[in-house]
Every structure is written in C-alpha cells, then in structure tokens.
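Below, chain A partners chain B and then partners chain C, in two separate complexes.
This part shows the complex of A and B:
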C-alpha cells in the first residue's frame, strides 16, 4: 500500500489527540508557571514547602504503592493459574476476573460499605464467632480505601499478565527442569523474568489508576485525604484552578517518573526485553 | 513528503476550526431566532433551569409542567451539585436562565457578578414571603424560595443522654459523629456553632477552630453530601450529627426512633435561593418563573409533599403536614442566619485552616 496513504490513516487519531488532549494538557502545564503575568515557580514552591501538602502526597503514594503490591501478589498467581487452564475454564475464569470492571465504582464502593461497615458482613461474622467483642473500624479508613482500589484494579493486572503468560514458551521451563532445575528455580530463572513486561505494564496501570482514583477514596476513605480529592476541593469548591492545575501537573510528573523507574527496573531484570 | 503532510494537516485543522465556527454561528442563529420569535409571540422556545436532582418528578409535575403550559415554553433542566453548576456558569459556556443554589453558593455567584439583578416589580409574590426569605443576598438579587433549618439528628440508642444543644455534640457522641465538611453548604455553620459553644458572643475564629479540633477525634467522617450522612446513619456507622430537617424523614426510614432537635442556641437557616443568570435572553420569563416558584400554590404543594419548606406566609399546614418541614413564623423567627458575604470573604482561609488543623 502507498506509504502516504498509511500516514493519512494516522492523521484523524493524531489530530483528535492533539486538539483534545495534548494542547489542553500543554495549556494546563503552561498556566502553572504564570502568575500575575509573570513567569514563576511559586505555585510549585508553595506546595512543596507545605508540610500539609507533602503529607497528602505521601498518603497518596503509600496507598498507591500498597494497592499495586497487593494487586501484584493477588493477580500474579491468579493469572498464572488461568493461563495454564483449558480453553473453556479459561474464558469462564477470565470473565469472572474482569467482572469488577463492568460495574461502576459507585456501586462497587457501596457494596464494600455493606461488607466493611460496623454492622457489615465482616464485623458481624467476627463478633458472632466471638473473635472480637466490638466491631472493628474498617470502613472510612485508608485500609477500606485500599481494599476498594484492589478490587477495582485487580482485573487490569490479571488481564495484562495473562496476555504475557499465554505467549510464554513453556518448552523453556521443561528444558530447565530436564537439566535439573527445581520448579522454583525454573520459575525464578525463566517464568518470572519472561513475565516481567506484563508485570510492569500491569503495575503501572494499577499505580497510576490508584494515584488518580477519586470515587473510591471519596466514598470509602475517612478523614485522611488523597491528592485527587484535594484537587477536587481546589477546583470545584474553592474555584482555585491555578492550585488545581499545579496539583494535576504534579500528578502527571509522578506518573512519568514511576513509568521511567519501572521501565528501568524491567530492563535490569530482563535486559532483552 | 513532509510538505505534503504539512499541507494535509493545515487543511484538516482549518476545516475543523471552520466547522467549530459554523457550529457556533448556527447556535447563535438558533438563539437569535428563538429570541425574535419570542419577541413576536412573547413565548420564547426554551427556559433553561439549573437545579439539584432531588424530587425531580415532583418538580416536573407540580412546578415545571403548569408553567410550561401557561407560558407556552419548554423547560430544560440541568442537574448537578451547587459547586458543579456554579462552575459551569463561571466557565461562561452555559445557557442557563434560572439557577437554584444554596445561599452560600449564590453569594459566590453574586460576588463574581454572574447573576443578573431582578426587577422585584415582576415578582410580586416576594411581598408574601417571610422577611428572612425576601432578600437574603440583597434587594437586587433573587429571593430564597425555601428556608430549611440545620439542627442535630441522632440515634438515641447510640448516644450518651439527650442531645439538646450544639454543645452536646462535644459530650454525647463517642467516636460516632459526622459533621459537614467545611466546603459543604452547612460547613460554615459548624464554624459558627463551634464559636458559640466556645462561649464567644461575637464570632471568634481561633476559639472556633480550637473547639472544632476538640471534636475531631469523635468524627467518623466529614460528609460532603447528605446522601453520605443518610447512608452512614442507616448502617449505624454514626450516631448522628448536624443535618437539614428536610432530610430527617430519610433518617427515620432507616432508624424509626431517630430524633431531630433544633439546638437551644438556635438552628441555622439554610436558604435556597433562585436567581437569573447574567446574559439570559429570557429575563422576563425567568422572573415570572421565580414568581411562580414563590406562589402559594407551588409552596403549598412542595410543603405537603415534604420536598421544600414553605416561605410564603399564606401557606397553612396542619400539624401532620408540618412534620419534618420548617414551618411557621415562630420557627423561622428563631433561626440563626449567617452573613454569607462574610463567609465568602473568609471561606478560602477557613478551608485551608480546616484542612490543616481538623479534617485534612
């Protein structure tokens, strides 16, 4: 096919992204460096000098990291198991694991309220079995927020890992085993490094998703604030779009830094990519 | 090749921008058309109303439909929270004619010159309102069409003793209280109540924040929407907290023994206002709509349906009908009213302080 025609196919998508995503993002970023008509870094300095903002940032990072680690720990074995099952069982399990993505975050969060509340399933069970005397405070804590986020993002990591694991050449594992490697060594030396790309992509999706999630932290979280709810407060109720833009840019930068770090880590684990 | 691509990009961009321009012009033409048609028949095609989503069916049937019929107009409703809807107006991309807002947000709109002044001669029903509702944000702007009160609701089984005053929030609740977030409509009322409980006759910011900080340990969550409160109350996550009387029926549905009290220091007046947005092509009609919303007929219907408390003094309710409704000169006369202009001057500073010292 004519090469020019191929370029033309790219044009509508490219144009759409440029006009409706790239330009607005650039304008948002540019606006954060201008105050009263002067170029300045004051917006950023103000935030980073502020202990309160740093605390919100740390809370958000902590929640995002814990959510990502939990998703990896829960998603990896699940994806591995699904990838090794027969076609029919696989499609059933896959449908089951992506099911949370098909319901809205609001509905999911309300289900967790019923499960985690003082009169919820978990506390009722623990109290009735005599394991505890008084219901635990789970709902409206960072723990509830993380539970909601893990539920939300687990499907993402399972899908990405599954894609990688299904293309894995298990002949390599068999070869290692025939050469005397234990199944753990074969996993450590062959399966794991080859699935790192999936882990990285899944990890990035979960991390960035948790970093920017709004509904779940707003509904399940308590008094502790995360960066997205702070951004919402500035933009929607205080009408301070300058501060909201600065926060948005900080979120974008964190995302890029994390993507960079995770890629560097992936290269170290699996240099041939 | 590069030259060819550049040309392609330029052509596409130009046509895209041209398309946007045409679309804009078309809209303009439609609006103008509507306006001129309106001038001829005194019946513009559309009246856009920005409001909350609650009791939508009631409003459609009892408020919008009769007005549409009488004025041969189609009412288009835009729904959202106070802040969202006000922001749309701020962005300048909205074609809203009439906006319902709580007094706290309406004051922001006035301060930012987003609303048109109203001609009170076109809204004669204002004369029939309780004084508090006539001009809560100044004579030039829209009236309050309902006055609710913020008191304390609680589950008697979960608190220590009776709750009668704002001060009881500090003693009767044990890690099971909810308070409105500072940015919620009722947030500034708690700032004021804390100052009162601290013993100041004049508002004292430092004393208020110190007092609020004492209460923080007892708060499970600061709510931004009443639905959150109702949900927490039903699940017994909380024993209670400040809430508008109109929502008490939802609490009672979940906990039949629930109680609502107007604190002895005075419940707070929560006023919902109705204003004309600057740039409306249908100002006269918008004022007529405001007049209709204040009429005895609408006010009585919404009170009986327990949708909004009436401010029209001609509305008469039986004892049963008045249950859960802020009704009567006596009740309304005792309400504490915040100076919204003062609140708006300080809200950024209070929010920042609240974030750092209390609810952050």
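This part shows the complex of A and C:
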C-alpha cells in the first residue's frame, strides 16, 4: 500500500479537526491554568470553594443519577419485551423508539412545558378532579428536568439494550428451562448477566448525556442551574470566559473519567468485548 | 418460550405512552384556535401554522438551518468519505488513535465544544459567525458520516476492488466505479443521519448567533422562553413530519440495525 495515498485520504479530515477542534480545546484547557501571566490552580480552587457552584454540581449529579436509574427501570423491561416479540411488531416498536431519538430536543422538551406548566395537562387534571386546590409547581424544578431527560434518553437505552438482547443466545435459556429452572431463575441466572454489559453501556450514554445536556435543563429548569446551563450563563450572559473555560474543563474531565471507568467495567464483565 | 407476560406487555405499553404521548399532545395543541396553548384545544384552526409563515424570523432561521446543514454535510462528506475509506480499507499504525479522533466530536460535551468554538474560531481566529456556525456543524457531522459509511464498508468485499485494479483500473477509477456504487445507500443514509443531527443541533448553534445569524432550533428556544402561543407546537408538527419522512428513507436505505449497534 502506498503511504502517500493514505496520507492524502486522511490528512484533510485530520487537519480540519486539529485546527477547528483539537487546538481550541487544548488552548481552552491550557488557559484555565494561567491567571495574570502566572501558572495557578486558582481558577479551580475558586470554584470548588464556592457553595453556589457546589450546589449546581450536586444538582447536576443528582438529576443525572435519577435520570439514569429511571431510564434503566423503564427501558430494560421495554427492550426485553421488544426483543421477544414477533418480527413485524418488533420493527414497528423499534421505529417508535428511534423516531423520538431523531426528533429535535427542543420539540421534545417543549412538549413537557405543555404538560407540566401551571395551566398544563397535569395541573388542569389535578385541579379539575379536585385532588389539589392550587396548581403545583412542577415546571422549572429539578423534577421537570429529570422527567424531560428521562424522556430524552429513554429511546437511547432501549435501542442499546435491544442491540445486546437481539444477539442473546436463547438456546441457553431453553437449556436452563429444560433442566428445571423456573423462567424467573433462567432470567436471573442467564439472560440478565448476559445483558449487563449492554446495561452499562446504555447507562453511560444516559448518565453522560444527562450530565452535559443543555436544551432540556435550559427549557424545563427555569432558574435552576445545572453545569451546562451554568457554563452558558458564564460565557454568554456574564461574559466571564475564564469561569466558563474552567467549567468546560471540569465537564470534559467528568465525561472522560465516567466513560473510561464504565468502559473498563464493561470490558471486565465481557472479556470477549 | 418467547411469550411475553401480560404484566410486561402492559408495562411496555405504558413506557411507549410516556415516550410518544407528549408528541401526540404537541400535535393536538398545534390546532388550538386561541392564543394560549392548552390541552385539550378549544377548537380546530390552522392559524398558528399560518403564523409560522408570517413571522419572518422563523422563515429566515429555517433557511439558515437548511443551508448550514446542507453545506456542512457536503464538507463533512468531502473530509469524511476518504477518511472512512482509509480507516476501513487499510491496516496501519495509529489507525485506532485516528479512528478515536474522528469519532471524538460526539464524546466531547456539545456545550463545551460550542463554547470553545466561539472562543477560538470567532474571537481568536476572527472568522465570521456564519463561517463558525458552518465549521461547527461540519465538526459534529463528521463522526456520523464516518461511522455510517465505515459500517457500510464493512459489508463490502475489497477483493472486488483488487480485482478491478489488477485488471488495470486506477485507484481513483475503482473507487468511483466500484466502491462508491456499492456503498451508495450507506452514503445516502449517512447524509440523512448527519443532516438530522445538524439540523436539530442546539449546543453549537446557541453560541453562534449574531446579527442576522441564527438557526431554527435557537429561534424556537428563544421564542418559547418569551411567548407561550401555539406557534412552536405548529412548527414542531412540521418538524416531526419531516423527521418521520427522513427516518422512513433511512430505514429503506439500510434498516435500523445501525441504531442498535454500540
């Protein structure tokens, strides 16, 4: 194979990403360690000493953890159902799962504004049925963000799990059943362990996605900040680019640490990869 | 053995109601005749659909979105198709690293990427906002182009290419006459998937707005934060119809297997 030909194919894309992505990110990271011409960690220390920032970080983590758990609880049984249903129904349900994934996140978050708002569907129903006197404040709370994020990421975990469940060897389950295992035991001892790597990968996607999502918290969170909306606020409203850069680096670090750890975990459980 | 229990069926039904119900509700409320969004609507009217065409911001940002997504798509193809081909066709040192680099724009949080692009492309490199927007969208489309095309190249038997070359065809000729026709549907699917990804993007575009420059999702976001009339519901319905149409074409081109693969 001709080396020059290979370079010719790869170089344009490589140059493009280097100039327009790698260098800006590297420079952003570097800039956070310099203040007034001196090398310092002050940018970070300042943040971690700040109660407001810590609260935002905590809200973000809490929202992401709850979102991930709910996505797993809702997505796993649904994916299991889809994987075991007939061909036509399967492709229909698969299409119904993929459609929201391709739909604009603005549209999907907006739909929850209609449902959760003061005059929204939920409040109208609760007031009309006399269950409550005054409309509840659901919109613009962390709870609204969680609902919106679960809605946003549920399709992702369903189709990820489906990919794993489709490749499952059901002969193993049949063998266990014929040897006298109850269907629940067969699920617990065979099906479930085999789907754990998929669960971890799906879980990472949802968790990291929720940690860094912008649109949904921006629309449903109101004044409640998460780390991504806080970055935006610092960059665009407060024009504090030093702070925005520090937040950006914190987000990159969290993302890579989480992805790295979870990948290592998934690989250990599934040595075949 | 493959029987699903009743409880599981009901549970799955509820999950799908949660998933799709809100989209149905948006669609229904878009026909509201009054000025306030509510469910159920008080009648049937198309006035908010008409309003989309009367508010020039929506038409302008829609045009920007289409142009940026299409031009960016073209750029991403020019950069991505050769790279996807090289990464699938040849084994060489550093291939895994390069592969990771080409896919990395999806790994970096969108909002972080958007901010760094604003800070360096616009402020430091001094590019016009429109150009920055275009470049940003190209960056986020590249991984999708590369991933989809690489996966369709996996099903291509490179022996065919070698046969053509051994018969005297040049590399370029074989690429265009042998390889490309065989992965045509993969390339079309890649174009559509990347287009949707770019057209719906908020994280990059939200930093790349300026006088006369903004995309439709950003315009919608700003509008929703200030007004609560059914216009956005009407736009949402149009976008969903477009999305469904594109999804149908993608399915025809290469099925849904791409989506379930991780």
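One rule holds for everything that comes next: the second predicted complex is superposed on the first by the 237 of 273 C-alpha atoms of A that agree within 3 Å, B and C clash if a C-alpha of one lies under 4 Å from a C-alpha of the other, contacts with A are read in each partner's own complex, and residues count from 1 in each chain.
We adopt the following convention: contacts are C-beta pairs under 8 Å (C-beta built on N, C-alpha and C of every residue); 3 or more make two chains touch, one makes a residue touch a chain.
Not measured: the values here are computed from a predicted model.
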(message) For the combined arrangement obtained by superposing on chain A, do chain B and chain C clash, or do they fit?
(response) clash
(message) Between chain B and chain C, whom does A:127 touch in the aligned arrangement: first, second, both, or neither?
(response) neither
(request) Considering only touches as defined above, state whether A:9 meets chain B (first), chain C (second), both or neither. (result) second
(request) Pick one for A:82: touches chain B only (first), chain C only (second), both, or neither. (result) second
(request) Name the chain, either chain B or chain C, that contacts more residues of chain A. (result) C
(request) Considering only touches as defined above, state whether A:56 meets chain B (first), chain C (second), both or neither. (result) first
(message) Quick check for you: in the superposed arrangement, does A:101 touch first (chain B), second (chain C), both or neither?
(response) second
(message) After the superposition on A, what does A:65 contact: first (chain B), second (chain C), both or neither?
(response) neither
(request) Considering only touches as defined above, state whether A:170 meets chain B (first), chain C (second), both or neither. (result) second
(message) One more residue to check, A:236. First (chain B), second (chain C), both or neither?
(response) both
(request) Kindly classify A:151 by the partners it touches after superposition: chain B alone (first), chain C alone (second), both, or neither? (result) second
(request) Just name the clashing stretch of chain B against chain C, choosing from 61-69, 223-231 or 313-321. (result) 223-231
(request) Starting from the residues of chain A touching chain B, keep only those that also touch chain C in the other complex, and list them. (result) 8, 110, 113-114, 117, 119-120, 218-219, 235-236
(message) Show me the residue ranges of chain A that touch chain B in the complex, using the header's touch definition.
(response) 4, 7-8, 11, 15, 19, 52, 55-56, 110, 113-114, 117-120, 139-140, 218-219, 222-223, 225, 233, 235-240
(message) Which residues of chain B touch chain A once you look at their complex with the stated criterion?
(response) 1, 4-5, 8-9, 12-13, 16, 83-84, 87, 90, 108, 183, 216, 219-222, 224, 228, 231, 235-237, 347-348, 351, 355-356, 359-360
(request) Provide the residue numbers of chain A that touch chain C in the complex, in ascending order. (result) 1, 5-6, 8-10, 12-14, 16-17, 20-25, 27-28, 74-75, 77-78, 80-82, 84-85, 91, 93-108, 110-115, 117, 119-121, 124, 151, 154-155, 159-160, 162-163, 166, 170, 173-174, 177, 198, 201-202, 205, 211-212, 214-215, 218-219, 228, 231-232, 235-236, 241, 244-245, 248, 251-252, 255-256, 259
(request) Would you tell me which residues of chain C are touching chain A in their complex? (result) 1-4, 8-9, 11-12, 15-16, 18-20, 22-23, 25-26, 29, 36-39, 78-80, 82-83, 85-87, 90, 92, 98, 101-102, 104-105, 107-113, 115-121, 124, 135-136, 138-139, 142, 171, 196, 199-200, 202-203, 206-207, 217, 220-221, 224-225, 228, 232-233, 236, 239-240, 243-244, 246-247, 251, 256, 259-262
